[in-house]
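Shared between the two complexes below is subunit A, which pairs with subunit B and subunit C, respectively.
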Partner chain A sequence: MYRGKEGQWAFLLHRLSGVAIALYLIIHVLDISLVMYGPDGPFNTFLAFYHQWPFRIGLVLVMAGVVYHALNGLRIIIMDFSEWGIRYQRAMWYGVLVLTTAIGIPVLVKVIPEIFGGV
Partner chain B sequence: MAVKPKTLSEARAVYSTNSELAWWVFMRISGLFLIFLVFGHMFFNNIQINVADVDYAYVAKRFSKSWVKIYDSFLLGFAMLHGINGLRYSLEDYIQRPGRRFWAKVVLFTVAAVIFVLGVMTLWAFSFEEMGDAVRGLQHSN
Partner chain C sequence: MQITVKIKRFDPEKDKRSRWTEYRLEANPMDRVLDVLNEIKWEQDGSLSYRRSCAHGICGSDAMLINGVNRLACKVLIKDLGNDIAIEPIRGLPVEKDLIVDMESFFDSYEAVLPYFINDDPVPAGERLQSPEEREIFDASTKCILCACCTTSCPVFWVNGRYLGPAAIVNAHRFIFDSRDRGTDQRLEVLNQPNGLWRCRTAYNCTEACPRDIPVTKAIEDVKRVLLWRTS
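Now for the complex of A and B:
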């Protein structure tokens, strides 16, 4: 199997996360737009459906995708506008992964009990 | 767009048109704005509260505040332009045949236009103040 260097994984993850959150954005605007039907419209029923645990796990993944994409996007911007950024792009990618995990852990600690504890 | 430029001067040299260069720059500027807008959005709606508490009353109360409507308008505008342009890059990389590429983009831009209009209507076409107050009055009587 062909395996690229870090840069190719960085690109693949950036593209996958970008496409995933863009598709999520489309669905998200659609569901929030249901508030236009007012308090007796379908909004609450719909949201209750989304609040089931498989969707909430999905939402955690979307948020992780956003954090990775944002931090890696910053890495791309630094690479594009400085020599320094190209020299240290690999180190910065590992930095992106570490920071994404570091932000992810407290989020999981807060959100997992909400999902499974019925809080 | 098979090979991506890595510096501003390379981007200048690579892109045949000014509009492609402008999109390249826009992806970076909107990205910087989106860091703050999107992180703030996730913090307000997923961390400060339990998302499972989101219901009509919660959204109506948010949309009754002008700062939320303005904040969310910027979020919608930047995220849609950045996200749809990013989807266009991906389509152009994977769909080679000119006819298919054309129709794929027609579908993408049509969906984008509908979603954008729906988003703007949701934020600005209704007064959630009255509805929000009415609902809160019913449910919690405070």
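Now for the complex of A and C:
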């Protein structure tokens, strides 16, 4: 592994979160479209399937991915349009991580009881 | 101090894949990695191959991946690396033998950006004057020694060898921001190609790797902005 610094990890996480969001969206659209087959169709079966705990954890990760991708996207825009952004890219990345965590906490508060409660 | 040097070696006549070889030797903390490589080649294993020329950080021949980071072997001291040192050829370019890579495509990209002065205006009677402020704008990018530390540290270049790469863009920057030059349009046309400037994803590995402390990512972003405002 190349021992790059913050910029490399920011880039890698941006890519990974981007791919994760794209995959999630495809599954989500296919899944929702099953509702066309009516209440007796496969929609409810799939919905119950996605309520299992591994998918719940996946949901938390996708949520974190969406927030990270959006905030880091803003960091990239600032870097692209100002020299200030390049000078403070490292600090901005730590800011992105802190904000992503802060926004992730309420998601965890909502999802963790669901995982243990089997809701 | 006793050190262990692991070198990723490849002999095109014998090996199908590269292999790690370990050498143990006594080194002075103030030795450079290049001194250690010379010691190995001259005293232990004459078959070890690597490039070096000036040995003083100017020619840019001895770029290699040292302990996971691109560096010039002649500019890294053993005391800054510790007792275990791993050396690999720079990434993204085909390995010819041991630490020697084929730099052909790297120099093709360099040539593609027209890295020379272009100005067909009538030749003035005296010099083409430039203020210190105008010179300052592209000062950093004049320092490039074409060692390929930046280009071969770029994750985009590792997976897409046709990307022009940071070094070529820095050398385009050197002329695009030169107030005396008139070749900006030709260069921007090259940089606006699918494997040109826009492949940069601002991972900053190039900036961290540059042995000449050129703010490479900043230079790339400067050129991106010029191209953006010209084409919009």
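Some points to look at:
The rule is short, and it goes like this: the second predicted complex is superposed on the first by the 116 of 119 C-alpha atoms of A that agree within 3 Å, B and C clash if a C-alpha of one lies under 4 Å from a C-alpha of the other, contacts with A are read in each partner's own complex, and residues count from 1 in each chain.
Everything that follows uses one rule, which is that a residue touches a chain if its C-beta (ideal position, glycine included) is under 8 Å from a C-beta of that chain, and two chains touch if they have at least 3 such contacts.
On a predicted model such as this, the values are computed, not experimentally measured, just so you know.
Of the two partner chains placed by the overlay, only subunit C lies in contact with A:Glu6; subunit B stays clear of it.
By the touch criterion stated above, A:Val111 is placed in contact with subunit B alone, subunit C being left untouched. Once chain A of one complex is fitted onto chain A of the other, the partner contacts of A:Asn44 are limited to subunit B, with no touch recorded for subunit C. More residues of subunit A lie in contact with B than with the other chain of the pair subunit B and subunit C.
Within the superposed three-chain model, A:Ile86 lies in touch with subunit B and with subunit C [touch as defined at top]. Residues 76, 79-81, 86 of subunit A touch subunit B in one complex and subunit C in the other. Interface residues of subunit A, counted against subunit C in their complex, comprise 1-8, 10-12, 14, 76, 79-81, 83, 86, 89.
Note for the complex: subunit C touches subunit A at residues 65, 67-69, 91, 153, 155, 201-205, 207-208, 215, 217-218, 221, 224-225. On the subunit A side of its complex with subunit B, the touching residues are 15, 18-19, 21-22, 25-26, 29-30, 32-33, 35-36, 38-39, 41, 43-44, 47, 51, 56, 59, 63, 66, 70, 73-74, 76-77, 79-81, 86, 107, 110-111, 114, 119. Subunit B makes touch with subunit A in their complex at residues 6-8, 11, 28, 31-32, 34-35, 38-39, 42, 46-47, 50-52, 54-57, 59-60, 63, 76, 79-80, 83-84, 86-87, 90, 111, 115, 118-119, 121-122, 125-126, 128, 131, 134-135.
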